[in-house]
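Note that subunit A is present in both complexes that follow, paired respectively with subunit B and with subunit C.
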Partner chain A sequence: MSKQILVGVAALALCAGVSAQKSTADGIAEYRKMLEDGNPAELFEAKGEELWKQKRGPKNASLEACNLGQGPGVVKGAFVTLPRYFADTGRVQDLEDRLVTCMATLQGFDAAEIAKTPFGRGEMANVTALATWVAGMSRGLRFNLPQSNPLERTSYEIGKRAFFYRAGSHDFSCASCHSEDGKRIRLQDLPNLTKNPGDGIGFAAWPAYRVSNGQMWSMQLRLNDCYRQQRFPYPGFASEVTIALGTYMGVNAKGAESIAPAIKR
Partner chain B sequence: MADPMRIRAQAAGDKTTVRVLMSHEMETGLRKDSAGKVIPAWFIQEVTATHNGKPVLSADWGPSISKNPFMQFVVKGAKPGDKIAVTWVDNKGDKRTDEATVS
Partner chain C sequence: MNIPYRLILGIALVGALLAGCATGPSPAELDAQAQKVIKTSFRDQGIVKANWLDQDLGLSACSSDKEPDPATADRIMAEALKSVKWPTGGQYMGDWRAGEKLAQSGRGMTWTDTSLDPKENGGNCYNCHQIDNKEISYGTIGPSLWNYGKNRGVTDPAAPATAPIVQYTWVKLWNAKAYSPCSNMPRFGHKNLLNEQQLRDIMALLLDPKSPVNQ
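Entry: the complex of A and B
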């Protein structure tokens, strides 16, 4: 039903030409609103919460002692301050990388093995569910990434350079699509990620449920697919460049309200 | 065992809006996997809802319903504290029932 309405709105916009672009965007906003009521991301949040409390892994332990940057076991507010520097690992980590660290140290899982697992499978699917729940616990809070540690500032600079780095068969960079206001790809608005794109847009919307393929997408998968679209080689899971891009987008989004986990077409 | 449903039932006047989110793969039986083999059909076939044990809705579903389906319906005369239960049965005979209290 909602899809029919969207098609109707899109057809109308085509007839009316350029002046109707606004109503196309409105139509999409309306479609999203309808979908929000039953965002299947909730199912992943519930799964993530259960995984957090469940005793699992070779050490048969829960993740309840996991430190996401706000102290052991503190989940609320953690999402809007990540990626950040962690003294115990000596590097800047994003949410998913940090969750894998906790799964390795507390539960005894093999971190390298998880990083090699394709998205949506085995323990990687569990990392995504955990990230969805942790993100949901910061819903409505505003992004405020720390930049006091030199490594955090380095991460931001690396992220910025990676963002503008043009390469590949199409001579593409992240900035090709995401450095101007008001750009679209087909019917999707493209956020300008070189600044705060606004509440619940860009970095403040992922993890998100993709209706078109019924998958829960974490930020790592989002970046992985951005690189695919740019015809770059796939980046490694939680590699330095993906975390640096997270830092760049997260710091730029300072003050933006998180709506994650969101719903996408 | 299937994952739990999320059910919310909110009363406004004499009408209660029930929103149900189900966790199900909903395979059509038309897709093929990476090896080229057909993925067997696996979808919810029957959905029923009760209000304090009395049937208020029954639906026959098929493979055209999306993955992780969302369903919304209105029950007349349900009051806060009443119980709304939803059950689905899929084509493999697996079933799941969850209950929510009207608020």
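Entry: the complex of A and C
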């Protein structure tokens, strides 16, 4: 399987050269079609599953007892209910934050160390792979975040306020690009994240494999790079603002079918 | 007569109690909590500092799904208009070719950039606007600017008759909040994102009769 994907990626790279001779529109249509075959995210899913079952860390334990909100060890269906409130930590957590909690409590890793690690490196790369696998286990299920706990409702309200918060050198907020239907930046369609943007769109598409840079992007990295382009300062990994935004987008996406891990340009 | 009155009072009381139980923090409390969460979630990175989160009147009044009240909107627009610095020597027009290059570039002011000098920045124009219609990769957050000068009857940007549209365009680029309090458009002059010459070049792209935009 990994060989097939490599061949596919190589073909894609080749095609980029050839398509320069065609019209831009043709090239884009062709490129989008190619993206539908063979998603390298599968490699990260396989790695994530292995990491889940493997005994690792100072405590030499697996993550199989990790509670993602559906009970210890229950993975299927967990992704489409996150972020949610967890009684043991006393806070609302998204998937990546929760995985780090499990890596700390079950395996003995240092949670603060992981949170400080850049995306794509060390244990942070493992968190991304784990998140990719956990998300994939809910493929085809519909988002249904709980809002019964007062802290979950507060998280939504803070997320909404963060979504509309304008600042930075360019006065942008999330809403500058993501609060109307049918808008684009250049040719990139922008989902309206103030409501359910549709099956497999927006919150229901990440983690996703980015063809343009060959990286697997988790929702935390997706938000991090949104804020970079928004000309905001650097949001901490699993900081309250990123989790609140996840709650806001996830609750708004209620009923949307998850296609994560998706493949993106 | 007495009974319905007491009944209504009772229902109102129960309703008030239930509302008290069901509601969490008030909207004002949530506003304060959100401010605190935003202030504590970000840190400096490279050229981008945490104090970039600070808001002026306009930004704080335009940070929800509701428009500011009319008095606040007027104040934002008046302050924005007052902020405009007019071009040195009344020279509004630069080179549309340089303007097109700036319009194409979305660079600058992120934490992966290394300089705050406007010379390093692009105008981001095509990210949101159609401009020269030969460029098919354009965004739709802002209106189309194709034939911007031609549609406004500009045949000689230096002619006194075109002064109002030339000045309007300069203000729009310098501080778009002068005409629309919650405009999505960055304040290129006011926030020092582009320098005077770069603004002149973009002016020429939009208004010069020889610019491809006006063919």
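Rule of thumb we're sticking to: the second predicted complex is superposed on the first by the 232 of 265 C-alpha atoms of A that agree within 3 Å, B and C clash if a C-alpha of one lies under 4 Å from a C-alpha of the other, contacts with A are read in each partner's own complex, and residues count from 1 in each chain.
The definition used in the following text is that a residue touches a chain if its C-beta (ideal position, glycine included) is under 8 Å from a C-beta of that chain, and two chains touch if they have at least 3 such contacts.
Note that this is a predicted model, so its numbers are computed, not measured.
If you count the residues of subunit A touched by subunit B and by subunit C, you find the higher number for C.
In the superposed model, A:L43 makes contact with subunit B only, not with subunit C. In the superposition on chain A, contact of A:T194 is made with subunit C only, not with subunit B.
In the overlay built on the shared chain, the residue A:G214 is in contact with subunit B alone; subunit C does not reach it. Contact with subunit C, but none with subunit B, is seen for A:I185 once the two complexes are overlaid on the shared chain.
Using the contact criterion defined above for the overlaid structures, shared-chain residue A:N60 touches neither subunit B nor subunit C, since it reaches no partner. By the document's definition of touching, of the two partners only subunit C reaches A:P233; subunit B does not. Of the two partner chains placed by the overlay, neither subunit B nor subunit C lies in contact with A:T89. Touching subunit C in their complex are the following residues of subunit A: 24-25, 150, 153-154, 157-158, 161-162, 164-173, 175-177, 179-180, 182-187, 190, 194, 227-229, 231-236, 239-242, 244. Subunit B contributes residues 3-4, 6, 19-21, 23, 66-68, 70, 72 to its touches with subunit A in the complex.
Of all the residues in subunit C, the ones that touch subunit A in their complex are 24-25, 30-31, 33-34, 37-38, 40-45, 48-50, 52-55, 59, 62-65, 109-112, 124, 126-128, 136-141, 184, 186-187, 191, 193.
Of all residues in subunit A, those touching subunit B in their complex are 37-40, 42-43, 46-47, 211, 214.
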